[in-house]
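Both of the next two complexes hold subunit A, though its partner changes from subunit B to subunit C.
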Partner chain A sequence: MGDLLAVPRGWLESFGDIVKFTSRIVADVASLRVFKYFGETLRQAGILIVSSTLVIWGLVFIIGLQCGIEGAYFDQSTGTPAYAGVFAAWCDLRELVPLCFGYMMAAKVGTGIVAEIGSMRISDEIDALEVMGISGVTFLCATRLLGSMLVLPFVYLCSIGAGFFASYLAVVQQIGDVSSGGYFLIFWQFQNPPDVLFSLIKAMAMAVVIVLVGCYYGYNASGGPVGVGTATAKSMVFNIVSVHLIGMLGTQLFWGTNPRAPIGG
Partner chain B sequence: MMILTGRTIVSAVTPPYPYGAEFTGQFLFALRLCWFPLLVSTVAFGYEAPGLQAANFLVLFGALDRLGGFFVLASIREFAPFVDAIVLAGVAGTAITADLGARRIREELDALEVLGVDPIKNLVVPRFLALMLVTGLFDIYALLFGIFGGVLATLVNHEPLGPFWATFFNNASTTDLWGSVVKTTLFGAIIAVVCCYKGMTASGGAEGVGRAVNQAVVIAFLAIFAFNYVFTQVLLATHPALTTIIK
Partner chain C sequence: MTFEATRPAPPPGATEAEYQYHSYKVYPSGARNVVEFDNTYKSFGRNQILRGLTMGLPEGMVSMILGPSGTGKSVCIKHMVGLLYPDSGDVRVQGKSVPNMPDDELFEMRKKFGLLFQDGALFSSMNLYDNVAFPLRQHTEKSEEEIESVVMRRLTEVGLGGSREKFPNELSGGMRKRAGFARALVLEPDILLFDEPDSGLDPVRTALLGELILEIHREMVEEARADGRPYLPTFAVVTHDIMSARRVADYINVLWRGRIVEAGPAQEMLNSDNPFIRQFLSGESDGPLSMD
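So, the complex of A and B:
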């Protein structure tokens, strides 16, 4: 039993550390100290665009297809195949696109940050920075946070587009129970700009947590090459659970039991 | 990776079978590491996506009792396997890559080969089998907790649970259940092969292991999602009885 509880106990212990560490990063960004290294921020933003966007869109595209076929079959079973658009709109915009964005952010960006900063820590590069009078937290972590905040909202909005396109392909072109016009009529009626905003807030909350957790595990890596690998694996565990929890809290907070739909009472 | 898959399967079925102890160790390792993240994730996911949002959709039609039927479709067929695979890949898969990558960097794998011990038979095969078994078994666990999320969503809507279970058991079919378990078992195989391959081919010192974990989890996620889509589509197309009207 002691072994079984090791994971949750480890989390509780590291949770306090993470909060303390991340508050330093956030303070660096909020107090605008990070703008000393604005060039580095832009470089990080560029790296993010070049290396991660396509794979995020790819994953969201596949989940859009998935939402499409599930929605089409579900609406067959309630006898309302023309309403497949509702399922696709909600499944994509409200739930699965934020979640998949979170998964891929955790997998690609989060572990990438841990591996990068972790190996800098192991090879004493961070100590070298500090000796030169450059704060490692500001230069490495705060720039990454600001860089991702500059880029990710746009990446996310595009990935919503990828998800929508994939659902359209699956529902209209593949299953074909509903015409293109009928699908889009329902599809656009069942969403509105606040939904996009809420969805964006949810995804950005996930992204911020993922970047911060990645920075924490990378910055505090220890124990040679093995330590970097272990820290990367640990950050993934933390991120997966926090993505799900943020998704759940966001849904409860923004939509709850109020569907915000154009029909019904 | 395909070569590794082939060699793993051949090596698993040809005698001798020296990997019993390692298999048990890996099995318990994955079990210990994953049970808690999986519990939190599946309850959160079940409550969130299929629970709240589908309940909102069904309330519009005044048909909240169909939520149980929807959970057969959503939880058993789709989301329990998928959350299960994501958590296993993110938790156990990354741990395997980090472990094997560290052994590669410290030249332990080369040492094993020099000693005449086949690393595939002794390291990859037990992880492959253990991960297949664990992912398959955890599917049931994920199902139970996913449905628990659905129960929570029903209660939040102030609805009785009777109709939920009634439509749930009316619609549950063994085809869905075995489809789900087979699917997750294959997910486990995908995760194990990708993560072992990336771990065993890690190179380049400290950064190499981290990068191997990074690539392993990205490839595993993409492979899981793509495979999931193909499998669901094939299952639904070959078993039209699954897509009949919710009773």
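So, the complex of A and C:
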């Protein structure tokens, strides 16, 4: 019995450690202490823009194409091809764009943060920072969180645009069962401006968790290069599970009681 | 004259026989201690590293912390700068208790330190120039021209004036150490710590680095005296290289099994009749220290 309880107890302890550590990062941002290193924040924001935006947009564009194609052919088979815009409006905005954004954030940004900070940990670079009188948590983690918060809302809004554009291309230009005007009539009927805000909140919640978890696993990496690899893998698992949980909870919270389609039951 | 403390009991779980060569003698240095360990204990899991360590680093001197591998020398350095905290006991820097400092005070106190890590611990994302300029950019209001002047002076002193654009992965181990030395010097710290500066270096480069340490210490002490600073620069070198100790040390602490065996000015220690000290400082295989 003791052995059986040891595993969930270990998970709880790890979760507690993560919450405790990430609270320090959030506190550094909330207390504006991070602005002492605003140059580093801008550098991290720049790295994010240069190295991750195109990959994120690319993945979302492909998913937008798929969503459009599947929606168009499904509607064709039921004799309602004019309604293909519903899939783009709902599937893209509510589910697949946030999920794909979360996947790519976890795979590209989250693991990158673990690998970078973890390598700094095992090569004593973080200790060197601390000995210089610079808080490693503020300089390495809080700057990354703030940098992400500055950049990612715009990256995400553009991702939504990429997903919508791809679905439009697939439904109207490639398959062509519906005119451009007909497609947009249905497309805009099935979404409201607040839906964009809800989608943005979902994605930003995912992004913040991914950055914080990446910082935790990187900062606390130990055991040499193998330890950094293990930490990277653990962060990926944690982040993918978190992305799905946030996606599910966000959908229930924002659209669960929507009178048009009360998916919450 | 020797100050000999009342012989303390062996640490919990150890026998008197294990500590029979610990005479705990401390020969006077003639200077006040800027760093003091007071009955400090530190364990990692079941592995006890510091086991009641009482030790001091005298002001204005180049001190050596000597001892066999795995005896807690690097752990001592991490305690001095507050990267590790003792399980019990105290560590004081310029009279202030490090474990009891709030975070803000601790970060301020760390600015008094320079630390040369074993592999230099240079930031791999920055070139050599930016690495050395980093502490100045973070902690001073100097202009870029002033920073360049300080950085190039330090890089030239360590023989890396022509490598300013190189990244750490383009440097040899010895060059990384020298670059780390330059970075540790730029803020003109009161206390400069060297964690095994000779590891991985050939004997000639080890000797040259030792000379460089002495030369820079002499310069810094002269400058501190001229400026009337409250504390003279103190260097502490952690090593198990006996030749370095003979060449560089003003004061030697010999550490074994988490405690000081003996400590004192280099000449006194080199003439010590303690069997462990004699064996260690002469590098002989016969004596109390074995492979166990």
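Some observations on this one:
The rule is simple: the second predicted complex is superposed on the first by the 244 of 265 C-alpha atoms of A that agree within 3 Å, B and C clash if a C-alpha of one lies under 4 Å from a C-alpha of the other, contacts with A are read in each partner's own complex, and residues count from 1 in each chain.
Please note the rule applied: contacts are C-beta pairs under 8 Å (C-beta built on N, C-alpha and C of every residue); 3 or more make two chains touch, one makes a residue touch a chain.
All of these numbers come straight from a predicted model, not from anything done at the bench.
Contact with subunit B, but none with subunit C, is seen for A:Q76 once the two complexes are overlaid on the shared chain. Of the two partner chains, neither subunit B nor subunit C is touched by A:A207.
Set against each other, subunit B and subunit C touch different numbers of residues in subunit A, with B touching more.
Judged by the touch definition given at the top, the superposed model places A:V172 against neither subunit B nor subunit C.
Once the two complexes are laid over each other on the shared chain, residue contacts for A:V114 go to subunit B alone; subunit C is not touched.
After overlaying the two complexes on the shared chain, residue contacts for A:Q66 are found with subunit B alone; subunit C is out of touch.
Applying the stated contact rule after C-alpha superposition, one finds that A:S123 touches each of subunit B and subunit C.
Of the two partner chains, subunit B is the only one that A:G256 touches; subunit C does not reach it.
Applying the stated contact rule after C-alpha superposition, one finds that A:V241 touches subunit B and leaves subunit C untouched. Across the superposed pair, subunit B and subunit C both touch subunit A at residues 119, 123. Contact residues of subunit A toward subunit C in the complex are 119-120, 123-125, 127-128, 130-135.
Those residues of subunit C whose C-beta lies close enough to touch subunit A in the complex are 78, 81, 83, 103, 107-111, 113-115, 117-119, 121-124, 134-135, 138-139, 187.
Listed in rising order, the residues of subunit B touching subunit A in the complex are 32-33, 35-37, 40-41, 44-45, 47-49, 52-53, 55-61, 63, 66, 69-70, 73-74, 77-78, 83, 86-87, 90-91, 94-95, 97-99, 101-102, 105-106, 156-157, 205-214, 217-218, 221-222, 225-226, 228-229, 232-233, 236, 243-246. Across the complex, subunit A meets subunit B through its residues 3-4, 6-8, 55, 58-59, 62-63, 65-66, 69-70, 73-74, 76-80, 86-87, 90-91, 94-96, 99, 103-104, 106-108, 111-112, 114-116, 118-119, 122-123, 224-226, 228-233, 236-237, 239-241, 244-245, 247-248, 251-252, 255-259, 261, 263-264.
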